[in-house]
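Chain naming follows the written order as A, B, C, D, E, F, G and H, and within any one chain the residues start at number 1.
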Amino acid sequence: MSKSFKIDYQREQRIGFQEVVFGASKNINQLQEIVTDFQKNGKSALITRTQKEKADVLCKKFKPNFYDEVSEMLLIGQFPDDAVEGEIAILSGGTSDQYLVNEVYYSLLYVGRKAKRFQDIGVAGVHRLLDNIDEIRKYKVLVIVAGFEGALPTVVGGLLPQPIIGVPASVGYGVGAGGTVALHSMLTSCANGISVVNIDNGYGAAMAAFRILNSINTQ
Amino acid sequence: MSKSFKIDYQREQRIGFQEVVFGASKNINQLQEIVTDFQKNGKSALITRTQKEKADVLCKKFKPNFYDEVSEMLLIGQFPDDAVEGEIAILSGGTSDQYLVNEVYYSLLYVGRKAKRFQDIGVAGVHRLLDNIDEIRKYKVLVIVAGFEGALPTVVGGLLPQPIIGVPASVGYGVGAGGTVALHSMLTSCANGISVVNIDNGYGAAMAAFRILNSINTQ
Amino acid sequence: MSKSFKIDYQREQRIGFQEVVFGASKNINQLQEIVTDFQKNGKSALITRTQKEKADVLCKKFKPNFYDEVSEMLLIGQFPDDAVEGEIAILSGGTSDQYLVNEVYYSLLYVGRKAKRFQDIGVAGVHRLLDNIDEIRKYKVLVIVAGFEGALPTVVGGLLPQPIIGVPASVGYGVGAGGTVALHSMLTSCANGISVVNIDNGYGAAMAAFRILNSINTQ
Amino acid sequence: MSKSFKIDYQREQRIGFQEVVFGASKNINQLQEIVTDFQKNGKSALITRTQKEKADVLCKKFKPNFYDEVSEMLLIGQFPDDAVEGEIAILSGGTSDQYLVNEVYYSLLYVGRKAKRFQDIGVAGVHRLLDNIDEIRKYKVLVIVAGFEGALPTVVGGLLPQPIIGVPASVGYGVGAGGTVALHSMLTSCANGISVVNIDNGYGAAMAAFRILNSINTQ
Amino acid sequence: MSKSFKIDYQREQRIGFQEVVFGASKNINQLQEIVTDFQKNGKSALITRTQKEKADVLCKKFKPNFYDEVSEMLLIGQFPDDAVEGEIAILSGGTSDQYLVNEVYYSLLYVGRKAKRFQDIGVAGVHRLLDNIDEIRKYKVLVIVAGFEGALPTVVGGLLPQPIIGVPASVGYGVGAGGTVALHSMLTSCANGISVVNIDNGYGAAMAAFRILNSINTQ
Amino acid sequence: MSKSFKIDYQREQRIGFQEVVFGASKNINQLQEIVTDFQKNGKSALITRTQKEKADVLCKKFKPNFYDEVSEMLLIGQFPDDAVEGEIAILSGGTSDQYLVNEVYYSLLYVGRKAKRFQDIGVAGVHRLLDNIDEIRKYKVLVIVAGFEGALPTVVGGLLPQPIIGVPASVGYGVGAGGTVALHSMLTSCANGISVVNIDNGYGAAMAAFRILNSINTQ
Amino acid sequence: MSKSFKIDYQREQRIGFQEVVFGASKNINQLQEIVTDFQKNGKSALITRTQKEKADVLCKKFKPNFYDEVSEMLLIGQFPDDAVEGEIAILSGGTSDQYLVNEVYYSLLYVGRKAKRFQDIGVAGVHRLLDNIDEIRKYKVLVIVAGFEGALPTVVGGLLPQPIIGVPASVGYGVGAGGTVALHSMLTSCANGISVVNIDNGYGAAMAAFRILNSINTQ
Amino acid sequence: MSKSFKIDYQREQRIGFQEVVFGASKNINQLQEIVTDFQKNGKSALITRTQKEKADVLCKKFKPNFYDEVSEMLLIGQFPDDAVEGEIAILSGGTSDQYLVNEVYYSLLYVGRKAKRFQDIGVAGVHRLLDNIDEIRKYKVLVIVAGFEGALPTVVGGLLPQPIIGVPASVGYGVGAGGTVALHSMLTSCANGISVVNIDNGYGAAMAAFRILNSINTQ
């Protein structure tokens, strides 16, 4: 049978970070072949959205590894042990968003950035945000996760000057099912200069933050 | 030709307020016949969404009258001169929402309630809201108009205990065109107990507020 | 790991009712930690949309408790035993809406209001509604649940003067799947002064009713 | 240039009624050629949705003719003078629907059926319908036009046994813009046995009624 | 607990056919109570969309009964044994539509009409339709079921004069998933006088056909 | 000011046909600069969707030229006078589609292919198609234009073996407005092997046909 | 019971290829009857989208057979052993698309064409495509599978002259769920002359390619 | 009448840039009052989307001023004359996007950044991009404008490491009308780390770029 993948190992050199694997729609055979290929090339493989059954099979076969059940992030390999702290803050509106907060967190850890998490500070109790605002002000880039009506980036964007990357969470029901309301709300925010990634795309938000830090660090 | 309308003059007795006329989709002949019918029955006719050309024709023919160009509200007749103040506050996120603020305002005036307007206090500069919060707290019912991402009701709903009626405005572009984002944002608000009317339905919001006051006043 | 929640215990003081927990998208670990936090603070925890498996675990661990399988409402704690009757009526169009009728009912019970339920009085047999109309007229606030084409609030809204909160139910199929038709039907009702909450948002409708009663009672 | 049309003159023989012309998207040259072709074949040409400018040109050129500005129905030729009465009733919810009531009416007149119109009997004042119900019961087929939330067919369908053809009107705004809510509301009606045509398709509803009468009359 | 249903036993007298039960969204307790109520009133209960697990429980408890797995139609009671033949033809585009063909078929049988089924005569092989056209011409009413692009009613509607009720089937994938394409295709058919029911609403189509026959038979 | 265009003159060499200009969203200044650039490079400029006002200005300034008002196709330059006939047939469902038939026709003429047009042979009168089927069978590639329910490609696709490119027309109203129904209908056709271009993309369909002929001719 | 299918065995003669069976929405009884019918007529039966449980039952009963788990393609019978190579290339953007690449591949094999597969050459690492471009240039028809943003056909379409059939894959999440973005992206491609089939319609793309080769080969 | 605006002059101090005015939905009276307010406060007023008629009135009344007809950007006041060059590149796919390129350009100029524009380098002729890639690599932040299928950010994102802000343009027709395809395409890009703003939100993209530079410059 024709081989179904070609890992892009030159990506890190071109754009600064390694290709990762989207696990949700690959079967276990494909994933095993891919991980083997990564290991042959001496690379850690980060696999996003790896359903638990598949993660169990892979973790049994490949070492070392790390798996977070909440975000379904699987690392075959090791996180760097010299991750830089203090540059990125991840804010989230509610407890239900934790899966996505963690996807951002571990994606950044994989590229050597240890972010700070500020969780459940949604605007229905705006004091929870205001109590943390001076602390949040210290970070260079803000990644803000929110589901339902997704208003958190708007309020933060009116208060703080940093780059803000909104990440809509597919948490909600009724017209809010699937996260489209949060996405659209962030896109139409009356607070300017907020940019957005796809619903549930924690990895993409992490890399957008990484691109910014990269650009800063090459000054 | 078959007569195309039957005004429901018993509505006021049944539910507390008179039928009004939706002007946007009626032609000038229909409107003239309807106004004549109201006058024969000794009633003022409130016509919402009356395009200026039609309003000019009707104002020339019927007296007394009142027309607000911003909201396209037309009254053939007179507002009550003993309207009650201090019960309802209308909040809005931006200047572009004024057409809708006024639709709420004049609809309430028609049923004898003089509302207070708090405009351009959107959450991109949340201090504009916070500076007014103690004043707003004094009103019994809040009608909140917002376009774009429609976050204002959420922040207010987390701070104040009154009944809140959200009115999405069709102000925006891109995914925000037509007001659907504001509507959906209000419907999925993480602040609880907010209810909503159709996009641009200022009249409906006014009558929802009126029904509440009616229920209060019959205690 | 970073703590994923911050319960907003000041909410009751600010807006009159306690924060509740949206159970559907939280895992069992998160729910256990949250309930423990509520108990430490001496509060009953109302958890909406708690799937049965999770409810079983929580009920085994925490006492006292109450669980309604139809609405998936879970209370860890006790309902107040002095709930006020006679203020709120809940109307519904069909038997399939019972899950939502109960969500409204228990949400109100949690804040000390015992509502009256009028079920299966949909307009395909309009006499079932008309037979009850004088009884329904006695309540101060009406919460109306309907799925499919959602016409019940329109007919009631043309007959009765009270505040009406429409709750679209996700009951239907074909173009009616998910409840969008019922929602849109209520939003565009030719009966004026009806306001609406999100599809399946029984809790929100209950709190909207509570805000109104609160405003009435503070006269 | 290639000729752009082929009138299907055998249609009447096959299915009982003549092809008509959809005027909205044809230019004046195409319409003139088509009318000429009808006249050569000794047929009256019914042109639906003929904007006034085009109708003026055609009426100047072709005789005899009839044009209704409200519905934009244009007939080049004559209605039959022996149209049958008492078989079809057209019901409508509001004055704004008159354009569509007339499209149904003149389409039926073209095929020799003179319908009875019951207008502005929408369910926000349900007594207006109930007052007419015994009269409406006498007709063999009901065509019901409604915009906004489109609840009229549901209430009628629960009260009367005849075939009911719902015609959604593109009258409304916000989520009701374009008539989709009325269409979906009729499709999901809890009153059974209602069938529906496309939004604003008065001609189609008329022909659906005609097919029924045809089937009845060939008993 | 409040009783959640009120069967409308007067419906048959008002509109000619008995209320049926929509089984999909009712739990087994609700269904048992409802069937008991039907039996107390001496009526057969037709329950549409009854998932097999529920049907098994009900069939064990209540006799006599009939269950068709393909359409999930459940009858607690008996079909009339004097059903009239030769009036209604059910046409379908493909084998996958059989579930819906049967829903129409058994719904009609319940009200005493035995329809004729013409299956898998979709227009991708138009000769299959043309071979049957003279036979189909003999029926008074045509119910046409189609999924995917739903073109069958259009071709039939251009060839035959009878009343045609289109029933879109939720058979398809990609943009065709859920049946919306078939619905919209039927609504915009260039063959005139076709009316349509909701996606998968076989029962509604059957009752629409029944209303027509009723009107014919009362001539 | 920065120059806003870079014509891709190597396109013909790479893929066999020259870049054309999408006129609808360019202003007159941009178009004049672009045409001048084409002329400098010795090329004819084909501009699609050129509104009449703009075409008039351009035709006045640049010679030779050709403008078709129906399709708004503008050629500054000359069609080849040795266009090949007999390879491509363009079929259309109705007169209203002529604008799109012509866009396909002139796009093909520009690349040296003279197509044959078969117009108004829609399936509501299927004999109009069947009468032409043997003639149509002679062409190597079929381009089929249809609006409304877009059933024509399905019926043709079940009868003939050639490559078929469906072109949905934005002709219709109600749910058919904008052409989405025709597009979706073609995509879900039960006749296999039909491929489709964007709504109103006559130029794209022409080039798809051209790519096929190109591939054939290079055998 | 009425027989639910009529296989169209004349299809091959009319349009060049045999009817295949869409397995996803047929139950095991229907499939067994259909396969038996094919065998009686001496034909191999290709069944697309056959879920594994059904395939297992059919493979046990009918011989010879072939089943590919990735694409769920089931053949009861044998592929031709003289399939022609070198005419068709299948390109795909990522590993997750393999299910669809295989559906195209086996559909073509069934009609006697052995395609060449180029997988995981998506444009996020455009060199993977450019490295293969001269090899791809040798094929007569290109079938291009892509999910997510579906940009691969655009880049290829700007580089190569062959007929290109885009096949959108339902691989993605957030706004990309279901494949609509890939479909729309291909339809609006700025590279001209690309045509498209329905999301996940690998079989249709294969037959579109086959129709082209057929037309070429009959020169 | 109640004053309809409250300019947020503290915004610059809080988040680094001044409030601007969204001109499209404000009437001339509102705009004049707002500009007067800006001038009283000694500030330049940047008004986006100012239709030409309104711009003419304002330019006549207020000096100095600048108006760009392509982007409808109006400045009452002066751009800073010490704008920094070399930091931001604006890329665009086609000439039709120039209105949006200019909105980004002048928004940045207003906050003291002079961007470099690379126009009409869309991927249908990918060499136009590749020829400029080394030049583009020198900039710290990339803003990429694209309509239609919006593939440009994907190809660039796979080649270059900088922060990339995608701006979907509402240029297109059929399924591409309104810019949703470009938006969705960018959101689902297989090139990671791209973030996106609302359709046509050039100002928002400019401010997102400005926030990044701000964060860089405060290192």
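Here is the rule we use: contacts are C-beta pairs under 8 Å (C-beta built on N, C-alpha and C of every residue); 3 or more make two chains touch, one makes a residue touch a chain.
Just so it is clear, the structure is predicted and the values come from calculations on it, not from any experiment.
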Those chains which touch chain E and also touch chain D: C, F
Same or different residue numbers at the chain G/chain H copy interface, by half rule: same
Rotation angle (°) superposing Cα atoms of chain A on chain B, nearest 5: 180
Whole-Å gap separating chain B and chain F, where each centre is the average of the chain's CA atoms: 49
Chain C and chain E: spacing of chain centres that average the CA atoms, whole Å: 35
Where chain F touches two or more other chains, by residue: 11, 94, 124-125, 157-159, 174-176, 180, 183, 187-188, 192, 198-199, 201
Pairwise chain contacts, counting only pairs that touch as defined: A-B, A-C, A-G, A-H, B-C, B-D, B-H, C-D, C-E, D-E, D-F, E-F, E-G, F-G, F-H, G-H
Parts of chain F lying in touch with chain D, wherever the complex brings them together: 70, 94-96, 98, 101, 117, 119-121, 124-125, 127-128, 171, 173-177
Interface residues, chain G side, partner chain F - complex: 11, 14-17, 20, 140-141, 157-165, 183, 187-188, 192-198, 201, 203-208, 210-212, 214-216, 219
Residues of chain A that touch chain G when the two form their complex: 2-6, 8, 10-11, 19, 22, 24-27, 30, 34, 49, 168, 170, 178-180, 183, 198-201
Chain A-touching residues of chain B, taken from the complex the two chains share: 93-94, 122-126, 148-151, 154-155, 157-159, 172, 174-176, 180-181, 184-192
